[in-house]
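Every chain is named by a letter (A, B, C and D) in the order it is written, and numbering of its residues begins at 1.
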Amino acid sequence: MTDSFAAVPLRWVGPLLLSGNVVEGEQEVPLATYETTLWPSVRRGARISTLIEGGIRSTLVDERMTRSVYFELPHAGESLRVLREVEARIDELRAVVGQTSRFAELLGINSQIAGRLLFLRFEFRTGDAAGHNMVTLASDALMTHLLHTWPELRYGSISGNYCSDKKATAVNGILGRGKNVITEAIIPREVVERRLHTTPEKIAELNTRKNLVGSILAGSLRSGNAHYANMLLAFYLATGQDGANIVEGSQGLTQAEIVDGDLYFSCTLPNLIVGTVGNGKGLGFVEENLQRLGCRDDRPVGDNARRLAVLAAASVWCGELSLLGAQTNPGELMAAHLNFERNGTSA
Amino acid sequence: MTDSFAAVPLRWVGPLLLSGNVVEGEQEVPLATYETTLWPSVRRGARISTLIEGGIRSTLVDERMTRSVYFELPHAGESLRVLREVEARIDELRAVVGQTSRFAELLGINSQIAGRLLFLRFEFRTGDAAGHNMVTLASDALMTHLLHTWPELRYGSISGNYCSDKKATAVNGILGRGKNVITEAIIPREVVERRLHTTPEKIAELNTRKNLVGSILAGSLRSGNAHYANMLLAFYLATGQDGANIVEGSQGLTQAEIVDGDLYFSCTLPNLIVGTVGNGKGLGFVEENLQRLGCRDDRPVGDNARRLAVLAAASVWCGELSLLGAQTNPGELMAAHLNFERNGTSA
Amino acid sequence: MTDSFAAVPLRWVGPLLLSGNVVEGEQEVPLATYETTLWPSVRRGARISTLIEGGIRSTLVDERMTRSVYFELPHAGESLRVLREVEARIDELRAVVGQTSRFAELLGINSQIAGRLLFLRFEFRTGDAAGHNMVTLASDALMTHLLHTWPELRYGSISGNYCSDKKATAVNGILGRGKNVITEAIIPREVVERRLHTTPEKIAELNTRKNLVGSILAGSLRSGNAHYANMLLAFYLATGQDGANIVEGSQGLTQAEIVDGDLYFSCTLPNLIVGTVGNGKGLGFVEENLQRLGCRDDRPVGDNARRLAVLAAASVWCGELSLLGAQTNPGELMAAHLNFERNGTSA
Amino acid sequence: MTDSFAAVPLRWVGPLLLSGNVVEGEQEVPLATYETTLWPSVRRGARISTLIEGGIRSTLVDERMTRSVYFELPHAGESLRVLREVEARIDELRAVVGQTSRFAELLGINSQIAGRLLFLRFEFRTGDAAGHNMVTLASDALMTHLLHTWPELRYGSISGNYCSDKKATAVNGILGRGKNVITEAIIPREVVERRLHTTPEKIAELNTRKNLVGSILAGSLRSGNAHYANMLLAFYLATGQDGANIVEGSQGLTQAEIVDGDLYFSCTLPNLIVGTVGNGKGLGFVEENLQRLGCRDDRPVGDNARRLAVLAAASVWCGELSLLGAQTNPGELMAAHLNFERNGTSA
């Protein structure tokens, strides 16, 4: 058994321009990917962002990390009774969580009763960490506490898949998991025409027919976008994130509308699971990237991770806009691919 | 703008033992991940596979790569008429595809008519390539041909999201996209007890309650597993794959049943999108890994990619079994995590 | 244009035996359906319930009725600001709701921000009514109030499909809509063998493979059952309900497990939308049926509707058990159908 | 135990005007419902259809009825082998089906292999019947034949939920189940303004934001409409259909676009399960309704059922258009409800 290093080619694209509740100003972002045509594509979107007054506006709507456990009880009536009692003693549970970490904070409990199984979905704040381990540790302590306090509970599992980690589910978008970020801008018609060689109307129509109608036909689940997964994975790998969280991260929604002749374009990304501390963060290039992204600054707890989430979302915005622009033009997509792969330059 | 390399830590785990229609014998597999506790977990499953007569049995059920395009027509009646005509001339389309690549072969066409939009989903064989670019190039040629032959078609998009690439949808599992691989084995009770410190009954119960019931409660889509995404991403990164395809790859199903007192355990992975040629394959460590995996041997076209898919699926089997085993034991998961992260060894 | 009456054949099946937090004792239930083989099937399950000590145990976990509206705002940041302000003034909204009906009570607000759209999902208590009209009236008043109080809101729609009414969605099961009822029992092995001509093991295996695995393969959404829709529609029609609510009603989960050699069997029905007042209730036969069901008694507000929900859920339990029993036996299903249709008697 | 009749109030609405591949001309349709505000709503849409040149254009894209069975095998490799053999002998299976009914015809077989389970989904033509019983009978014969021919198969179930009957799944829309009908028209702007008191732009915007975006947020599955279930249930009850099939029937898609200043409006309904023979058809009022709908005429086998499906789809179009029109106007929905319920007239 040997150790070695797998290298994923990385390039900084940008600068992209941002305004909003966490990030302001210009910022280059790093993308690590084997699919190197992603770089010119995102870069094109980034350039457009610098031509918009105020750039890409970002809004961080929510943040929480979750873990669901489950127990067996004699019957559903017992589950309901215990559930109500547990909910009434949430302060006690908060104290249990507080002993597991300085940063973990119990925000609330969601539940499902299915037959004689009781699923509890704990929601936490996790500081600057994505929080996978922190919430597992906290949930482990909570389970122990619950099993002692309510002996009628029988251990089921520390993870009951109602969390839901790295699976295509609806629960995360509805109840929240990770950082919920929206990036949006109104792009002047002239910029759309000159930089994307298309029109606001064509992009809006494509978005409705492909990202909404086409996705619905495909039997999609809370997914209405072209390729969020591509930008997210590249950004996650470059910044030391657990890339497998693109599974839920990819479940987001692109909207494109005409506003006074210009193009309103937004990406709603409810499930960005990122952190600036934790696994993967000790690697040299990751540290360097986080510093260049301004995510190693001295800020209130959680703000560096929030900044990182917004930058991820902005990268998604750039790549999504660029691809939709290309797909409104017959042949452009293929030409761009071939050209870049042969010459290393984008159209 | 600078270039550099992002390094993802890699370790070979194994050996795992396989029998089936593409791979036989022992094989170590490489996993590149920041989540390094994945290594001992998969390795535990790999060890178990070597204790089973015949090891993990693999079956490659199907393979195809897809791209959907869409057109606008005056109304649905026209769409239906053109669709029937296109289907009747599939040989002509096959010839068009044949001119775009030595390896691309048109297998069939699926369709959806939605209002006045006609979605065509082309299915291809793509040799040893995952095939993203090959099918885009082929679809581009097909669209051009169709637009010339049926002037009533109006260009919609080269990708209509009915493909469906890197999004959580149902279409890929139902119509097929990528390689459909099943890995399965009957694990003697004694091995379950000694190596996983649990029982076949506990694992079967956990699988039903967590992977099936819990996933259904979470509003999952064709997903009934604990953490396929983790093993897939690590395997994909180590072998130069487009890791964003874990989105559809994660949509698979674990089954666990009792057979004569032993544990039947299977992973059904309908959407493994892997190749041994294409983007990412030129990197030195990727080349080395593919060679060590026996995927650079002189075999009939497609067999190296099939071998790779089976090895990916077997890695999933190992990691899935190991985690389910751990989750039947209160506290084991957390203890294993902490122990490994502190000491670099697994329990 | 003429008026007339469409007659749906009705039969009372039962008696079924219930214990739990709303209903106790024996009760016949009426089923109106054109699919008359449903009657002997449900009746078989009802007979079994009377052979179980305590009968079918019912638990009403939750109840609420919902309506979602949406607004347009300049951008997501504004949506978030307004949302936080609205949430802080919920008491004011409660007062607005209180003026629209004696029975409507605002329980809470769920939300989604998608780009510059703000979706608010109002949750209400609605007394003994299913509540469609009551919540629309209340939401209309709430919208008017919100539009006046926050002039930056632009009217979107009184219904934004995040409610979600009569559509296959995940939101209802996760956030709650209608009455969430679980019916369950442990059926002695001897009863399973004598009355269903099968074994607990066969039913548990069938349930896992068909209702869980098969449904997942089909790309189901929060649905793991054999035929809830059949019993629900028949019960709804017989009691004057809006039968179209079987769409969400059908999204429920059957569980079957072995407990000490006997069969644990439960139906989890999170979205039963029923009432004892409102549209359809003025018809003579409906009135009569509600009386016979004990749902016209003088009880605290809401208790008659709760009783109705539990009786619906118990009917589902009976029909579901009976069909699963039949499907474990090759040929029984078809024989039963043919026999009943020819002779009007069940096997 | 008593028999009686449950009466669902029925009214004929219309006339609606249709052109297309199965129905031409004017036709009133009957709707049986307790929700009587549905009548004026659908009638408004019907009136609009008569103001459009050519009326509502209908296209019947496909028809088939399905039943899935499943078997257990020693392992997936065996499943694959048997599957390939079964597919190669489909003519033999066609003959088996032909012996069960004059009208049943086997069109094809879809399959899924999950671990050691083999799911076969048989597709049939069923003449003028919806076909539930016909395909169960045929599948029963097929299973018997398969079990005799391949003794390695072990009986699983006559229904494996991959059919999928009356459950919210993706498989039916993707592979087909029931009649796939599209109804569409271009409504002159002037008609939209005068009859719906709104504009094409408002309806198109509402459709995108509510039916597409709102549904996606709700975690919907192949559902992008406002209330298909309402019209379908009323039409089904009035014509003797199995109303529980609105579960899959409700999974359809509304599209609204601007075409040269007018409104393109379509309803895509892939899963209409209707017949003119079978259960429920013997009732007097059903017979009368089918006659008035022109579905008792002497036509080639299947054409009466196709006509019925198109009329159902056209009713959906009328009700959907009318509600969307109402929801673009603040307050209209509630006013219309109250007015109708008090006075029995629509606005």
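Simple rule for what comes next: contacts are C-beta pairs under 8 Å (C-beta built on N, C-alpha and C of every residue); 3 or more make two chains touch, one makes a residue touch a chain.
From a predicted model like this one, the values you see are computed outputs, not experimental measurements.
**Student:** On a CA-centroid basis, which chain has its centre farthest from chain D's?
**Tutor:** The chain lying farthest from chain D is A.
**Student:** Using the stated contact rule, I'd like to know whether B-C or C-D comes out ahead in C-beta pair count.
**Tutor:** C-D
**Student:** Based only on mean CA positions, could you tell me how far chain B sits from chain C in angstrom?
**Tutor:** 37
**Student:** Quick check: how many Å separate the C-alpha centres of chain A and chain C?
**Tutor:** Centre-to-centre distance between chain A and chain C: 34 Å.
**Student:** Could you give the separation in Å between the centres of chain C and chain D, each centre being the mean of its C-alpha atoms?
**Tutor:** The answer is 22 Å.
**Student:** Could you check chain C for residues that touch two or more other chains and list them?
**Tutor:** Each of 112, 114, 117, 170-171, 174, 213, 215, 217, 219-223, 253, 255 in chain C touches at least two other chains.
**Student:** Given the complex with chain B, which residues does chain C contribute to the contact?
**Tutor:** Interface residues on the chain C side: 170, 173-174, 205, 208, 212-213, 215-217, 219-224, 253, 255, 257.
**Student:** Applying the document's contact rule, which stretches of chain D touch chain C when the two form their complex?
**Tutor:** 1-14, 28, 30, 32, 34-36, 68, 70, 112, 114, 117, 119, 133, 136-137, 140, 143-144, 147, 155-171, 174, 206, 209-211, 213-215, 217-223, 225-230, 232-233, 237-238, 240-244, 246-247, 250-251, 279-280, 283, 285-286, 289, 327-328, 330-331, 333-334, 337
**Student:** Hey, which residues of chain C end up touching chain A in the complex?
**Tutor:** 20-21, 57, 59, 61, 75-77, 79-80, 112-117, 170-171, 174-175, 180, 182, 184, 219, 221-222, 253, 255, 264, 266, 268
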